[in-house]
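As structure tokens, here come the structures.
Below, subunit A partners subunit B and then partners subunit C, in two separate complexes.
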Partner chain A sequence: MMTCFSILTRRTRRVIGGGLLGVCALLWAGGAAWAKAPVVPQPATAAVEAAPAEAAAAPAKPEHKAEAVEKEEGLPQGAPLLIDTRIHGEPIQVNSSMLITWIVAIVLIISAQVATRRMKDVPQGGQNFWEWVVESLYNFLQGIIGPSLVRRTFWFFATIFIFILSLNWFSLIPGVGTIGWGVPNEAGALTHITHPLLRGPNADLNMTLAMAMLFFFFWIVWALQVNGVRGFLMHLFGPKGDTKGFMKLLMVVVFFFVGLLEIVSILFRPVSLSFRLFGNIFAGENTLETMTALGGPWFGWLLPIPFYFLELLVGFVQAMVFMLLTAVFTLLIMPEEGHEHH
Partner chain B sequence: MFIAPILADAGGSLLDSIRQTGEQFGSTWPLFLSNCVSFLIVAWLLNRFAYRPILDVLEERRQRIAASLENAEKIKRQLADAEAQRTRILQDADADAQKMIDEARTAAQAQAQTREQAAIAEAEGIIAQAREAIALERDRMLGELRREVARLVVDTTGKVTGKILTVEDQRRLSEEAAREIAA
Partner chain C sequence: MIPILAELTGNLHIGLAALGAALGVGFIGMKASEAVGRNPGAATPILVQAILSTAFAEGIVFFAIYLAR
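Take a look at the complex of A and B:
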């Protein structure tokens, strides 16, 4: 098997800007020289310096599995590892989606810091934009979960929305998912990238699961803070309605089982949240790649364009859905009087 | 008692399933934890640099706008009060002026009437004096006329009769002539 380092030519036509083109050229030049030599299984530490770790570690995996992955069209389900090593015995892994996560995080933090460094009474430029975003989100969430809960949880839901939206839209920049490593076909042409250098973070289950599990953790914290342990358990298992006598006893039993079902439902929320976001974004990336492949060498740039608009919409909708669902889940565990405004 | 092995078996299958799913989707503990940390760092820094300062500014601006609106309302009320006061003052001044005009007019009318009455009285006095003077003049002229007629009667009688009239005749003729003239 031959692993080479190059650029997927049909999608790089979408690359905009000299910087990315320069990076492409550098990668292509390095990869072209490397492609001439067969890849020899290397220790993981060497792979960190020379090549993506997953490519280097591929021979260690079962051979049929690796072939199956590399022959598949579309993105691999897992984001390729760029660094996989151990420092002082601790595993250190960096995959292609984390690069975008860090880039987007840095851009967001710097832009927020610059915008709010010298706040003016009459906002302009970045301050105006950030004020618009924050105020709109705050008012929107306040209308859903109420003023007291939004004060406590705004930092989380706002970050969820802004971060997911930024990651989704950043992942649509040409070059993401199209620059990386692949296996040339029999004719020697590289038509499919199996190890992209950059990959959309929400097309990586690690990111979506991380956000879902963090929400799960904070959801429990907020629920316990507001309800207390007893109130929390009563909210789950306590009988609702005003019944007396035998009916009350029956309701206690019924609502105990309802509570068990509710717990199952709650435990599956991180799964549904993470896989919903992952599935939508992963499918979108695959759609773009498929459309590019369908377009062939001449129309590969044209066919994905309508789907880019679709993916812009999907990116926004998924960010909104994730935020709304987490907000509503949080609202549902709050005491009933907290729902009055809703 | 017999449920425990079933649950343990189910738990084991579930864990295997989770592990297989994780492997299939490239999910590992280091990547998962690093993503958790990345998200928390982003959330913390955005909260520090964006949400808190912006929400503080928005709250401050909201309070300032509320205070400005309250001030504007206060100023509006003060303006309305001032307008009402101005109107009242103008109305008072107008009433005072009207009163003064009326008083002046009344005074003028009274003075005019006084002057008119005085003029009338003066005129009447003048007329009365004139009448009195006329009457005196008339009496005086009548006296003179009587005397002249008496004298003429006496002279004529003396000349006609050719005798010299006595003082008694002259007095009698004069008195008769005066009576005739007075009649």
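Take a look at the complex of A and C:
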């Protein structure tokens, strides 16, 4: 019992402390790199930034103004920049998605460190909570990808799940996305925030793509570690099943083309992983915003409330789906004995 | 009817792909729930299969988005 406990607490400490810190650092680097070269073309942000200048300069052409107003509704696809300066010629850009990512990561790291500072045999409070989270995740993943693989990869999947879930739920707190800068409309009322101080980070394709690319990198590392280069190629292109003679030759050719198809589907995995998370969260944020606008000045607080519960559910399910899909993708590339656990 | 159809513009195929993918995901969920109802012990392998198939069904939409003009 005691050894079990000490292994568990050591694991808790390692996962929450080291793993989260490492992945967060990588994510920031990835996010910063992607923010410098944005993947999403950002016509919405450009229009938003152009709008005040246009309004200040002169009464602009009516068509252009109507277009700009139309684009201002809903969430812009690109996160608005909060800091945009150059230090020694290097562009330093911080946008609202990055800010909320840092806040959530710091909150997670500090809470985990505080909870595991004075470990007790009978856990209480924060330590109890984090041990419950880590232990249930470990048992859940063990049932899906097996005990040997879970020892190797648990730190990544647990981190990604806890991080995505915290980001999704943190961005539902009232004030995120609604506190910021905006341009008043003709009546002088501020109805839409164009530059929110904080914004749901998973409603930004840069963030989800950074996580998906990170998984893709580790997927290749794990696949090569376990299979070796030859085993990896045989897993992709090698014939499966036992056939003999001429049929064997035919199967080699067939499975070579099957391998080519599989490579296409593998290359599409980061795209579909990032788009799934981004699409769900972006649509959710947009739904909340539309419902608030639909309610008008009197019922703007009432209409989004049912959708907040939906978004809580979606945030959990999407974090789960991201973790499960990455885990199952990792399981699929492992040698056959990994599959016997189910 | 024909002129109305001829005037359709935009990326209709993304909508069709999304329709098909939504139907597919729905069927997967239905059958997975049925399977778990029949054999609750096999819930974990069924979950893995369902998640994988859902990913493949959803992937169609992304192919369609990339084929958009």
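By definition in this document, the second predicted complex is superposed on the first by the 270 of 342 C-alpha atoms of A that agree within 3 Å, B and C clash if a C-alpha of one lies under 4 Å from a C-alpha of the other, contacts with A are read in each partner's own complex, and residues count from 1 in each chain.
What we mean here is this: contacts are C-beta pairs under 8 Å (C-beta built on N, C-alpha and C of every residue); 3 or more make two chains touch, one makes a residue touch a chain.
All figures in this text were calculated on a predicted structure; none of them were measured in a lab.
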{"item": "First (subunit B), second (subunit C), both or neither touched by A:Leu205", "value": "first"}
{"item": "Which superposed partner A:Phe268 touches (first subunit B, second subunit C, both, neither)", "value": "second"}
{"item": "More subunit A residues in contact - subunit B or subunit C", "value": "B"}
{"item": "Subunit B versus subunit C as contact partner of A:Ala115, first or second or both or neither", "value": "first"}
{"item": "Partner chain in contact with A:Pro91 - subunit B first, subunit C second, else both or neither", "value": "first"}
{"item": "Partner chain(s) touched by A:Gly143 [first = subunit B, second = subunit C, both, neither]", "value": "second"}
{"item": "Which of subunit B and subunit C A:Ala223 touches, first, second, both or neither", "value": "neither"}
{"item": "Partner chain in contact with A:Glu131 - subunit B first, subunit C second, else both or neither", "value": "first"}
{"item": "Partner chain(s) touched by A:Leu277 [first = subunit B, second = subunit C, both, neither]", "value": "neither"}
{"item": "Complex interface listing, subunit B residues touching subunit A", "value": "22, 24-36, 38-43, 45-47, 49-51, 53-55, 57-58, 61"}
{"item": "Subunit A residues touching subunit B - in the complex, by the definition given at the top", "value": "76-81, 91-95, 98, 101-102, 105, 108-109, 112-113, 115-116, 119, 121, 130-131, 134-135, 138, 154-156, 158-159, 162-163, 201, 204-207, 209-211, 213-214, 278"}
{"item": "Of all residues in subunit A, those that touch subunit C in their complex", "value": "143-144, 265, 268, 271-272, 275-276, 321, 324-325, 328, 331, 342"}
{"item": "Contacting residues of subunit C [partner subunit A, same complex]", "value": "44-45, 47-48, 51-52, 55-56, 58-59, 62-63, 65"}
